[in-house]
Amino acid sequence: MISDGPQHSVSLGPILLDHPLVDASGTFDLLEYSRRYDGDYFADFPYAAYVPKTVTADARTGNPAPRVTETPSGMINAIGLENPGIHAWIDQLPEWASLRQPVIVSVGGNEPEQYAAVIAALEAHLAAAAAGTAPRIEGYELNVSCPNVSSGLQIGADPSATAEVVAACREATDRFLLAKLTPNVRDVTEAGAAALGAGADGLSLVNTFKAMVLDRQTLKPFLGNRTGGLCGPAIKPIALRMVAEVAQAFPDTPIVGMGGVMTGLDALEFIACGATAVAVGAANFTAFEAPSRILQELRDELEARGFASVAEARGMALRA
Amino acid sequence: MSDADAQTCGDHSQWAETSHCRVAGVRHFGAFAAVELIAPRVARRAAPGQFVMVTVPGGGFLLRRPISLFAAHGDRIGLLVEARGGGSEQLTQLDVGDNVDVAGPLGSAFPTEGVTNALLVGGGIGCAPLQYLADQLAAEGAQVTAAFGFRDFRSARAAGAFSIDRLWVATEDGSVGKAGTVLHILASLDVAPGTTIYACGPNPMVAAVQRWTFAEGLRGYVSLEAHMACGTGSCHGCVVDTARGKVRVCSEGPVFRLDEVTP
Amino acid sequence: MISDGPQHSVSLGPILLDHPLVDASGTFDLLEYSRRYDGDYFADFPYAAYVPKTVTADARTGNPAPRVTETPSGMINAIGLENPGIHAWIDQLPEWASLRQPVIVSVGGNEPEQYAAVIAALEAHLAAAAAGTAPRIEGYELNVSCPNVSSGLQIGADPSATAEVVAACREATDRFLLAKLTPNVRDVTEAGAAALGAGADGLSLVNTFKAMVLDRQTLKPFLGNRTGGLCGPAIKPIALRMVAEVAQAFPDTPIVGMGGVMTGLDALEFIACGATAVAVGAANFTAFEAPSRILQELRDELEARGFASVAEARGMALRA
Amino acid sequence: MSDADAQTCGDHSQWAETSHCRVAGVRHFGAFAAVELIAPRVARRAAPGQFVMVTVPGGGFLLRRPISLFAAHGDRIGLLVEARGGGSEQLTQLDVGDNVDVAGPLGSAFPTEGVTNALLVGGGIGCAPLQYLADQLAAEGAQVTAAFGFRDFRSARAAGAFSIDRLWVATEDGSVGKAGTVLHILASLDVAPGTTIYACGPNPMVAAVQRWTFAEGLRGYVSLEAHMACGTGSCHGCVVDTARGKVRVCSEGPVFRLDEVTP
């Protein structure tokens, strides 16, 4: 294949991505998009891989409303991992079996066994599933931002709890395994090292920052859950710093960077800080076309700066 | 419940791609602005009760604002916006010729098929979707009566934006129309049997209208509000409790059967 | 005294403040303000107490330029504690001896002895100073965001290092002692408990979030120091959450809350989350009049909401 | 160094309170806008070389932008703004009648006392403060020559905003005036002994002008740029290295003696 412009494909571990952009778990629902589109959204799917909303072993109804609101250059959410549970989730797989892109399944839980149960159920299903009845599931992202049942702290804030979750999941699958780190820590490389040590193949970061918004009228916490997770452009400078730290600490590890990506330049900044792929979260809420716009902008940035490939830009900010 | 045979509110055409729209007209009513946009593709698909996600121009606001369709005809849609916080305030300041991005129509619509008598009950800015609904019902030959409640003189300015033949207004402070809530209007109306109720407004009003509707042995529909992030079913930010559990206002709603919500 | 409106004065431990607003260390230089003012700025000083920029034992030249830039709804700085050292600092005291308001001196260092040395030098000076040659120094704020010489981590990210600094300083003074906590931790109450256990009288929070901004052209870190501290409205939701956590954990402790205060309502939100006093940082850079505007807005908010006093609003958001 | 007897640049009147100013005039030159503001209290105190901190209207930008005084006369000040990033771009879009907040004048000024021959050397938007300086020097009876360098045709559009009698322009791409940098103009000029040099521009230009000035045995002044947060001496964000250590551009500068800076 002869290509004139920069090479956009990247290898996220064993997963070949056409370009570096994926959706951030919980911010993009493929089926809902396809229902509201004038055409075949499966054919036009803009991301290089699909990361669905976190699924847990049992069905969860999530937190009381209100669950979202805007903050200066950001937003806060407390959805509470609402999801139908892995069994109902598996039942839906045929509906999006025609997706061409690889899928990275986001998995949640409150203890290691719950994570492993999700993966085991899915692996069992995939082993038995008829051809064409499931999308191309190539990896897992372990969302360790759920509170730990025993400590109450987020699992990801505790390196040893993180390691336990990863180890349990590593037993349950041979597929690519990402641990998604929480930024609510002193040193994000501690949980990163624990996850990699326990068998994770790569790291995703950042999840949201624990935060609080008050109701202007009552001065009480606005969200039904009192606190929620802050994301969006407001946090980008902190997320970039954390991605750079992880990339520096684990130079050969596949990294999915995220936090406030709104433009192609933002995505390129994460790549420059060492990300292999970049996830787009809150930007999905700004316009239906945000993914394709950001992708086009990223392509233009790479081209205008004369990069031969995405790989060439990777880690730019880390080199002296 | 008498609503058992009510039509479902779902399955209306939803379209999330962005339309870049020119502002064709603006009328101001105190803190409210009725904004007319040229949006042929939205107008063509729209049904009363649906809403659009509107990008606040200028770049200062991350999330889009959900706004009901106040009108839709030909290549135009109308929005009635109340300046409440920073984003809606900026939308009321749109000028003719400005451009604004909207995505829609989104969400479920008010069922109107076979309705012969309709009573539209609105509270505050919740009245907005009822103009479009009234137009549609009238076009389909239904008898339409509307009862709108406002807090005070300032919020009753919105009434000036509406043109509905049989429209009753109440204000809590008695400054315009009947003194009291919209329930006082309902109590004084002679409601034909089989009348369909359509409600939109603050939750306490919806709850009161719900009780009244059931007491009268009527059935109806309600449009609910919720804080939204995506507006298109992706984020699960906009849930409300219903008889069938937590559902998304942007996706399963905003219009629900009156008997399935618990406001 | 008969007062019609709400009571604005608050007690920050033993320090009586006319109202809850103080400046955040490093963002407001009294002498520079007075030089650029048409009148007697000492007489018109708007804050209830003055917190000067952090002073260290030795003079520091700070970080290479650039040191500041803007981010979405925020700013990042890497000044690097530039200051003349405590001795030159003491020499300047007569220049602002006429300030009526109490002063809380922000102290920095890389190990406990350096903090204690600053306080000891100042206490020795004050004990000997002639009347009218120094302002009313009533307390200290220990800025434990400096990197620890031995661990490299911020001192405040390590509860035991924090306790050592506080204990050393507690030996050196009987005045009111605040520990200023860093938000770059998993649980801000851990360092808070350590500081209080070691003798601190109160807590200030938050300092800035470690963050990184890239140069748009080069994709290299923009700041001379590569990373810096993020502050401003972007971080307010996280800061509010942390203040609420500390106020809940230590209900009777004086707390100076800060992070992104731009309006009187923002200040009231910190009070609702349990702050006794509120510090204004980056807002000082938006207009010369920001302090008096925010104070007036806070007064208006209290009045409009029918609070009889600031104390009545305190902790509103914490109660069920 | 020949600068030993140069005047100090400090101790000019600085005033940080906010002036709410009306835009009285705007002229556009490509990506540049010359904006005239009604700002009597700023204008009265101003001296060439000083700057103002300008609030970007609209609320989207936290920090104010430092902008040099391009002009000051009567109750007016002038700014010449180049659209570089988001904030300066918005400033170039100001319209007559808009309001904008400025604080100033701030910083040190170009000493002009006793100067008989002046050579003003500017690069890019660094030329901005030199118009006001030229006006002042001319008013004081000095002979003024200016040499301005621009990158290309687009950036040379700024030259249209200036009115200086003896003004030489160079562009690196040769599209306007002499081809090359401002140093090429300097090389071709016949500079009278004792001429005072005033420079403002990108650091590499300042360094080159500094070398040239010393080689010619002349003395001069330079206005430096630095990223600023407060603009008023509080934050220590804007330091540059000088012979006397790190100093604040907003407070000790922006104007320094050419022999004390290390650009």
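The chains carry the letters A, B, C and D, assigned in the order they are written, with residues numbered from 1 in each.
Just so it is clear, contacts are C-beta pairs under 8 Å (C-beta built on N, C-alpha and C of every residue); 3 or more make two chains touch, one makes a residue touch a chain.
In this text the structure is predicted, and so the values were computed from the model without any measurement.
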Taking each chain's centre as the mean of its CA atoms, which one is most distant from chain A? D
Taking each chain's centre as its mean C-alpha position, how far apart are chain A and chain C in Å? 36
What is the distance, in whole Å, between the centres of chain A and chain D, each centre taken as the mean of its C-alpha atoms? 48
Report the inter-centroid distance (CA atoms only) between chain B and chain D in whole Å. 56
Residue numbers in chain B touching two or more further chains are none
Name the residues of chain C that each touch 2 or more other chains. 73-74, 232-233
Once you draw an edge for every pair of touching chains, what topology comes out, line, ring, star, complete or other? ring
What are the touching chain pairs in this one? A-B, A-C, B-D, C-D
Chain D residues touching chain C - in the complex, by the definition given at the top: 14-18, 55, 61-64, 87, 101, 103, 106, 226-241, 245-246, 251
So, in the complex, the side of chain A touching chain B is made of residues 26-29, 32-33, 35-38, 53, 61-62, 65-70, 73-75, 77, 79, 82, 232-233, 282, 284-289
Can you tell me which positions in chain B touch chain D when the two form their complex? 58-60
For the complex, give me every residue of chain C touching chain A. 71-74, 76, 153, 157, 184-187, 209-214, 216, 219-221, 227, 230, 232-238, 240-241, 244, 260, 265, 268-269, 272-273, 305, 313, 316-317
